[in-house]
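All chains are identified by letter, namely A, B, C and D, in their written order; residue positions are counted from 1 within each chain.
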Amino acid sequence: MTQARQLNAGQTAVAACRSDFPALDQDVNGHHLVYLDSAASAQQPSAVIDAMTRYESHDHANVHRGVHTLSHRATDAYEGARETLRGFINAASTREIVFTSGTTESINLVAQSFCRPNLGPGDKVLITHLEHHANIVPWQLVCEQTGAELLVAPINDKGEIVLDALYALMNDEVRLLAIAHVSNALGTINPIKDIIAEAHAQDIPVLVDGAQGVPHMQVDVSDLDCDFYAFSGHKMFGPTGTGVLYGKEALLDAMPPYKGGGDMILEVSFSGTTFNELPYKFEAGTPNISGVIGLGAAARYLEKIGMQQIESWECELSEYMTQRLSGIEDIRLIGTAAHKAGVQSFLLGDIHPHDLGTILDHQGVAIRTGHHCAMPVMEYFGVPGTARASLALYNNFDDIDRLVEALEKAKEIFA
Amino acid sequence: MTQARQLNAGQTAVAACRSDFPALDQDVNGHHLVYLDSAASAQQPSAVIDAMTRYESHDHANVHRGVHTLSHRATDAYEGARETLRGFINAASTREIVFTSGTTESINLVAQSFCRPNLGPGDKVLITHLEHHANIVPWQLVCEQTGAELLVAPINDKGEIVLDALYALMNDEVRLLAIAHVSNALGTINPIKDIIAEAHAQDIPVLVDGAQGVPHMQVDVSDLDCDFYAFSGHKMFGPTGTGVLYGKEALLDAMPPYKGGGDMILEVSFSGTTFNELPYKFEAGTPNISGVIGLGAAARYLEKIGMQQIESWECELSEYMTQRLSGIEDIRLIGTAAHKAGVQSFLLGDIHPHDLGTILDHQGVAIRTGHHCAMPVMEYFGVPGTARASLALYNNFDDIDRLVEALEKAKEIFA
Amino acid sequence: MIVSDLHTDDLRDLYRDLILDHARNPRHFGKLARTTHSAEGINPLCGDKLKLYLDVDSDEIIKEAAFEGSGCAISVASASLLTDTVIGLSSIDAMAFFDAVTSQLAGDERGNGKRVDLGKLRALAGVRDYPTRVKCATLAWHALKSALRQDTAPASTE
Amino acid sequence: MIVSDLHTDDLRDLYRDLILDHARNPRHFGKLARTTHSAEGINPLCGDKLKLYLDVDSDEIIKEAAFEGSGCAISVASASLLTDTVIGLSSIDAMAFFDAVTSQLAGDERGNGKRVDLGKLRALAGVRDYPTRVKCATLAWHALKSALRQDTAPASTE
């Protein structure tokens, strides 16, 4: 089946990238590793690991305030990564690229700095039923802090947002719409460009949780016209502890700082403090310099391969995965949206996902099991959790065959 | 001079560690690098860099929720680092070790979660005049948010806190004392154990900004009896983007979460969310896994050498530095406390620190110049900034000789 | 720490027939007519969640035990085996089983309390080789401990 | 990016006598009797801070210029040279010097506007080899641009 497949040149090139990822070249429990957990965290190519090691071994110093050579090199590399990330998502200016520790911090920053000062009773924050906890709990917290109300747009049984219902919730009391680009639990790719246009027609700013977007498709924040776009380094083949908050300059400019400390100020005195310009106002303290350099290397790595090639390769794989999984008796696929990324949640007979996870791990196949930080989705589908296989550019058809074999084995054990 | 010095065995052993730091083995501007900027950010030993590379190349996956082997390895390594850090500062329990992105975030967490819900007009937060901006601005922000008042204990012209004045400011309106263990601009080691006892006698909880403490001396939070202790990985030879907030369990338990997201919850539903137990309640989202593993390796590295050996070696170096610098004509030492760490701020004639920095860099000597994120200190001494040489375990007497030579050269140029 | 290389057939050691039987047909599943002690067990890392009910009489004898909840085969089987085991025991003897089971799963066969004969509970031994799953197997037992202690100390599943 | 290997004597190229002279004895240091345009320049990365004052007449001629503030030798000398240069120029000609100086420091000798003779300002050329110091040398010039633009556009030192 694998052999017969016709790949175009771009797809073949992407498939060849697997060897760039040292972690994939190992045996686990006596079997060559099949890593199908990239939606939780992706592996890093040598280009990323080496960029950080090189930095740490030769160029490290604190950034921004040093006149000495290492500090200058560190600052250049750090700010160079900012320009790389700006280009990667096509932001208008590096002033719109705030480095954070991840999607979670990016969203909390918006909740606390953009929303908290402007929310009160009667105001609404709008999210959807398919969000990751990172795009739920910060809004619950800020609503509790301010007396605002959290509105939740429903999903249907394919795992798609019910657009009419979402649009019906939009009115002039809604202060922000926060919505995933791609659902991590269901794989649904939301039509965010249309949704953003609809929200803007009602003057509602939009935050996009792009954690599962950037690793898999070309993201152009200028074209989307989103107000904020949040994502994590570790899901796009960069290091943990890094992330980005993109925000439109005018909005970021008007927001108070999120944290206080060094680098985010121009002047500190006990009679008052003047904050620094963008993006530094939001980067208090010594940043994750090596991490950001690794993140820049990850973005360059992806740009070299080409996001369109990656998308096209993953689309092939994803279709194959759906087809193979659908062929398994007693499987229940959860998340069957028309427009889907390479993420598939499922249940197999009455085998608890946790047991499935162990049995697959035993065969060298790494999947995630549980609620995937999306408990409301689990509750909607009436399941305590699911097993989830998620793809990235380095997966291939064999990986999917191995997954299916391993699932068949699980059925035997639980027969 | 260097040759004649009598070192004890422990000091000789510390001096030998220099070769563990790859970044120190390079030429800068044609001269072998002399790195005297560790107070801004320290270099990392191979043990730290390798631990992270190994993790990223073989063991990476998301932590805490995976049943597969890599996730298990990652969780073990991450939680193992927590236990290492617990031991490193002698906390009672790993529940008291919250991983953050650095000192700045640790302090902001306390300002927002411990103070903000409990502060109002009439309440006071007490700091001192020698604090780093990271231990000033978060308190300014929370005072502004709540109507509380920020009190500042004075320093004297040696750069020491005036203890009587500090104690006179302590009363039952003070909700927190936040104070540096060691001043990064002046090198002053504050008598925090006494200060903490005095504050506790008035029921005032104490946060210690330990950014410049942990890298240079044995810190025992149980012995100090501090309520919170904040520090950064990158100042203790670990990676950027990591840090710790130690907090007494009873206090952390009573605090609301700082950020919302994955991992910090037990259950999320739209009708309400249950937060996770300590320390996870304060670790929303995917943490800096590789960074924390590097931080753990840094703590183990320091433990292997022995903090007392390090302290004793740095004490020798520091005395030598003060002596040699004092011998330079026209030098003005800023920060001359009786009890001092290996940090020396100074001005040379009318040469602006920034120019000094460039001239020294030209000779391969890396120092920091400017306000060192301690503008109130600069203002107190009536200077726009200083040049600052700061020592770490890997420095030696030659480094100090090179510093002094380079300063003599600067005087020539500006003669 | 690298999980030791296991062959697929070793899975049979984890999923023994007795475990699968108890997982599929849990004994004492449901509520009790009279509950004197109860506790919830949550494994935040994997989402297993169960509630244990006990009917303890004035002589400190567990007259009845039952549980509800959802979880993987290991946690459900362990809870089912627990109820089977503790009914009729004094609370002290039940705690001796707690010690024995948790010691067995920690790979410490000595136990740290009164010696008991594990009997059927030996079927849980295979879990030892699966560190990620040990918490599943001990969940119900921690709930037992919390339930028995609930009059004196605050409940805890740690 | 590795700063190229420079020998100590190259420092003389950065700290030329003219620079040191202007740094020690800045010309036009202080306030003006009449200020029509002014702007502050702050280099957040190193703390240099200065205020530039201009007296521009109705014909757009800079009659007087002065500055205050503190900074390193490079930024003070640059500000001093700036005031020396722009007094008597039209604001358009002054902006041509802005273009020429910033181009010179960016290592782009062509300039991007009207050609001007840099004269003494060539003494700033040595800064080019010290990327961390270029902002010091351009600080006053950005303040000049902000000051001249202040009636029309918001001030900016970027």
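The definition used in the following text is that a residue touches a chain if its C-beta (ideal position, glycine included) is under 8 Å from a C-beta of that chain, and two chains touch if they have at least 3 such contacts.
It should be emphasised that the depicted structure is a prediction, and the values quoted were computed from it without experimental measurement.
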Chain of greatest Cα-centre distance to chain B: C
Chain A and chain B: spacing of chain centres that average the CA atoms, whole Å: 31
Whole-Å gap separating chain B and chain C, where each centre is the average of the chain's CA atoms: 45
Euclidean distance of C-alpha centroids - chain B vs chain D, Å: 38
Per-residue overlap in chain B, given as positions that touch at least 2 other chains: 28-29, 65-67, 69, 71, 354, 358, 369-370
Numbers and ranges of chain C residues touching at least 2 other chains: 3, 46, 132-133
Contact graph of the chains (line, ring, star, complete, other): other
Every chain pair in contact, whichever chains are involved: A-B, A-C, A-D, B-C, B-D
Chain A partner contacts - residues on chain C that touch it in the complex: 3, 5-8, 10-12, 14-15, 20, 24, 46-49, 70-74, 76, 130, 132-133, 136
In the complex, chain B residues that touch chain C: 64-67, 69, 71-73, 76, 266, 276-277, 280
Chain B - residues contacting chain A, complex: 22-23, 26, 28-29, 33, 35, 37, 40-41, 43-44, 48-49, 52-53, 56-62, 65-71, 101-105, 107-108, 111, 132-134, 136-141, 150, 152, 232, 234, 239-242, 256-257, 259-265, 267-270, 273, 284-291, 354, 357-358, 360-361, 365-370, 373, 375-376, 379
Residues of chain B defined as touching chain D within the complex: 27-30, 350-355, 358-359, 362-363, 369-371, 384-385, 409, 413-414
Partner chain A, residues of chain D touching it in the complex: 1-3, 42, 44-46, 131-133, 158
